[in-house]
Amino acid sequence: MPPWRELSGQGWVTAEYEMLPASTRNRRDRTRNKVDGRTHEIQRLIARSLRAAVNMERLGAHTIYLDCDVLQADGGTRTAAITGAYVALCDALDAGEERGLWGNDVRVAAVAAVSVGVVGGQILLDLDYVEDSGAEVDANVVMTDFGEWIEVQATGEQTTFSPDQMTQMLELARVGCQGLFQIQSAALAGAIPRG
Amino acid sequence: MPPWRELSGQGWVTAEYEMLPASTRNRRDRTRNKVDGRTHEIQRLIARSLRAAVNMERLGAHTIYLDCDVLQADGGTRTAAITGAYVALCDALDAGEERGLWGNDVRVAAVAAVSVGVVGGQILLDLDYVEDSGAEVDANVVMTDFGEWIEVQATGEQTTFSPDQMTQMLELARVGCQGLFQIQSAALAGAIPRG
Amino acid sequence: MPPWRELSGQGWVTAEYEMLPASTRNRRDRTRNKVDGRTHEIQRLIARSLRAAVNMERLGAHTIYLDCDVLQADGGTRTAAITGAYVALCDALDAGEERGLWGNDVRVAAVAAVSVGVVGGQILLDLDYVEDSGAEVDANVVMTDFGEWIEVQATGEQTTFSPDQMTQMLELARVGCQGLFQIQSAALAGAIPRG
Amino acid sequence: MPPWRELSGQGWVTAEYEMLPASTRNRRDRTRNKVDGRTHEIQRLIARSLRAAVNMERLGAHTIYLDCDVLQADGGTRTAAITGAYVALCDALDAGEERGLWGNDVRVAAVAAVSVGVVGGQILLDLDYVEDSGAEVDANVVMTDFGEWIEVQATGEQTTFSPDQMTQMLELARVGCQGLFQIQSAALAGAIPRG
Amino acid sequence: MPPWRELSGQGWVTAEYEMLPASTRNRRDRTRNKVDGRTHEIQRLIARSLRAAVNMERLGAHTIYLDCDVLQADGGTRTAAITGAYVALCDALDAGEERGLWGNDVRVAAVAAVSVGVVGGQILLDLDYVEDSGAEVDANVVMTDFGEWIEVQATGEQTTFSPDQMTQMLELARVGCQGLFQIQSAALAGAIPRG
Amino acid sequence: MPPWRELSGQGWVTAEYEMLPASTRNRRDRTRNKVDGRTHEIQRLIARSLRAAVNMERLGAHTIYLDCDVLQADGGTRTAAITGAYVALCDALDAGEERGLWGNDVRVAAVAAVSVGVVGGQILLDLDYVEDSGAEVDANVVMTDFGEWIEVQATGEQTTFSPDQMTQMLELARVGCQGLFQIQSAALAGAIPRG
């Protein structure tokens, strides 16, 4: 938490992200000595995205850590982390509310994220590892449940992309996020096993 | 350069980014012991963007380092770094061509980048430090001179943003990049002093 | 793997151990910058113990990594890691055998480990977190299924211990390990769900 | 010193261990950048062992550092370090007592340590470098002068060991420690030159 | 700033030195992970030299950082850094005086530095890169404008040097520094563009 | 050893320097994580000085490490290290000659070093810790036994120094080094106990 937050009495949401060595098809070396650039980028993205779900003044001078440890990786782990971390954030907010740390109005939006991309000229939703590795364009989109964007990151990995492709990717991401909001609600209602 | 590139005989473009301690209004601590997450993100973005300017097979088994050391910072240093690094890349490609390292067809596109953002409800181009600090939405856009995107990164810093705002930001970024391509051409033609 | 092993054509078994931040009652800071002394000790113990299960010459010039990531911690995580890693080692040996990397005679013993301790003057088996925190003496014992010790580590945490107590702790550990060998067999036979 | 110790007014004893580059037959690389796992293990063992010699409440809110720098290495340097550090600890306790930092009842036990092992099927006391390198079983035992164990660490390096061998190693270690208590007393009485 | 300085109300002058990757003929690797010995030595020399220009009691409890980032390197960068840092120090002292942080009597001497050396048997002033690389003896000398030495560092790189050569090098350095004091004055008077 | 040395078949002499925690009056923190600037400077000085004693071509493609571990510190440890390291270097050269690694003409000069300084206006030789702490000027001088300088480092710690003082310090250092050459010879002849 930046020090001025504490002084101002506002809260903060931060995130850590790591892939277990066994999470990938071929064992991934354990991150012992330094956090690489990709990991930094991802945990900054996760935290930034989830902060949009929270009213920091109502949270008060508390910091919530969202630990995103990837047990099994296939495709968009950063968007899966955001989508899952929202459920964990709701659990944490409920737990804090029960203990009287804050009120029941801290959560201001639901947040979900999905990957889209151009693979073989086709625009695809939620790329798996094989699709992601071969994607010409790769985008990660974070949305609120009232239909606005929190983050749009589109990268031409092997080629550039046109304004039309950009528009189509965003449309497809919108559909994907709407489905994820339903799954998050089911998980929070206990209708889907967690863990 | 990833090892497989060398094996395949393809080239690579990488970038390093650093702000000098005296580049900012208040002295910035020197990066001695570790590269922080923001710096990692920026240099990965710069390198990715400039790679779109180059045909890696024609470059052959060479790596080009683009050093982006910020002497004076105000606003979008990462987009300024991309736009300036393109000029340095052209110089490097010319120098290598003269020495017979590669041919004259390595460069396949011009690349420029600009920041756009929502400040006080207004969509602004090329935010300075004060505007950037108070921006509700902050976007960095990288474009080729044939009008396609290489990278679109839009972040709701203090609020979310609507699809309409996204469209308007991209339109304004396009205008900004077109101006930058002209300035790059003038610099490469020697019409603007460098240095 | 020490370099002389490779030269001699012998195999090696190594281990890594880490507790996830969420594995403990109070969140544990993520091990980012350095591996602390306790972690080093534990992963050296795990690897040493499991090497007793393997004939290195028959394994040939291969290294097996045993990743012990603690998802939920309560009490003797290092002995649980050894006991569980034996099952993973058997899986790995079976997988390598199927792929023709080595024969079916690499495994030469089963290995299990258990904690014993003196708590309130009583000798207890398999201490949980609360018992472990208050233990006067804490011991970790690693045994093979033919009844010999691989490792005996007994530490007077708050007091010293007599030769008689040492004898009783070892007797109790023997009983505990015998139970664990049955559970390992059931797991390997598919009679207990894993994961 | 863990922070709760300071709050509670209790003392602490800690240790550091290092081998000089010239201490070994072949020059050992200087430990510059990191403390390796073996060193961590050893200094934790030394400190733990010597804490058994001290009543922490009577020591009061002081930390004693025991620096164990190995000038000449041959065989059990960790047990030699414990045995020697006890003499240094007595010196430190005397010096503090003279300066009025604590009383003359801080020391509650003498502490000595010795290695035992199985070499060529024989149980040997105080293994030298050659014996230690070839030992089938290697044990380090720390004892108080009233005959109780502080630490028992027995490791099957090349083979496992039976309960009978364990018993015999402990008996031999007891004899060894009794000899060391006499040497420590002579050193503290000034009858042996220190260096 | 060492802590006792702050307690005593005295000031401090410190320096940091770094060569940009592009400052040298062949690109120099960026100093990311550690400051090498040569850099440490140079920044300690710069700071020590400039402290001679300042009355620390009159400076009061302030620390002045002198950032010496080498944009273009050829020959004696450490002596150029000292000579240039004196001008920056004067600017900083003037700025602090205007803001009422200290009085106008903080500066007690001008400081300049120059390299001298023996190249091919000849004593030369202000060696460039080629001369410096082949110098038999290399010396850096720091002087005040009242004619006394602050630092004399003479090193026989490829041969030793006689007392006579030492005398001649110091004489030549004196002449060089006198010229530099005039250039510093002109820069401070605005007669030379800075940049 | 710089890689070009190895290619050219020339030798190299390098040095490491460290003070043991117990070497100083007040315990000195152990250098675990990084080598500080002062240590870097000292070990570079030691190595540079001793290289003047050796003909690198006759040494051939070998590197000699000189470990200077300070067991007891009082005053000029860096000059003591150089003077003592010369004796160790002679031992190493003799040992290598006996093993046929090089001939008996590798050593080309004796090397000794001494500190001189201005303390209370007086020029003193071989400052002890108390003198060194209060010295106005501190110099370290390295000399060969044929009367030439290898290194002259004079620093105005609390004041500047005049050319006359510089001359007098060098004269006194010459006398000091001449005495040290006799002591080194005695040590090499076995007339002084070592260790």
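Per-chain residue numbering starts at 1, and chain names A, B, C, D, E and F are given in the order in which the chains are listed.
Following the convention adopted for this analysis, contacts are C-beta pairs under 8 Å (C-beta built on N, C-alpha and C of every residue); 3 or more make two chains touch, one makes a residue touch a chain.
On a predicted model such as this, the values are computed, not experimentally measured, just so you know.
Peer 1: If you average the Cα atoms per chain, which one ends up farthest from subunit D?
Peer 2: B
Peer 1: Any idea whether A-B or A-C has more C-beta pairs in contact?
Peer 2: Of A-B and A-C, more C-beta pairs in contact link A-B.
Peer 1: When the C-alpha atoms of subunit C and subunit E are each averaged to a single point, how far apart are the two points in Å?
Peer 2: It comes to 59 Å between the two C-alpha centres.
Peer 1: Distance between subunit B and subunit C based on Cα centroids, please, to the nearest Å.
Peer 2: The computed centroid separation for subunit B versus subunit C comes out at 51 Å.
Peer 1: Would you kindly tell me how far, in whole Å, the mean C-alpha position of subunit C lies from that of subunit A?
Peer 2: 36
Peer 1: Just how far, in Å, is the C-alpha centre of subunit F from the one of subunit E?
Peer 2: The separation of the two C-alpha centroids amounts to 25 Å.
Peer 1: I need the residues of subunit D touching at least two other chains; which ones are they?
Peer 2: 34-35
Peer 1: Looking at which chains touch which, would you call it a line, ring, star, complete or other?
Peer 2: Its topology is that of a ring.
Peer 1: Ring order from subunit A, via subunit B next?
Peer 2: The cyclic sequence of chains is A, B, E, F, D, C, beginning at subunit A and stepping to subunit B.
Peer 1: Which positions of subunit D touch subunit C when the two form their complex?
Peer 2: The touching residues are 34-38, 40-41, 43-44, 48, 52, 109, 144, 146-156, 160-163, 166-167, 170.
Peer 1: Which positions of subunit B touch subunit E when the two form their complex?
Peer 2: Listed in rising order, the residues are 16, 18, 20-22, 27, 30-35, 65, 67, 69.
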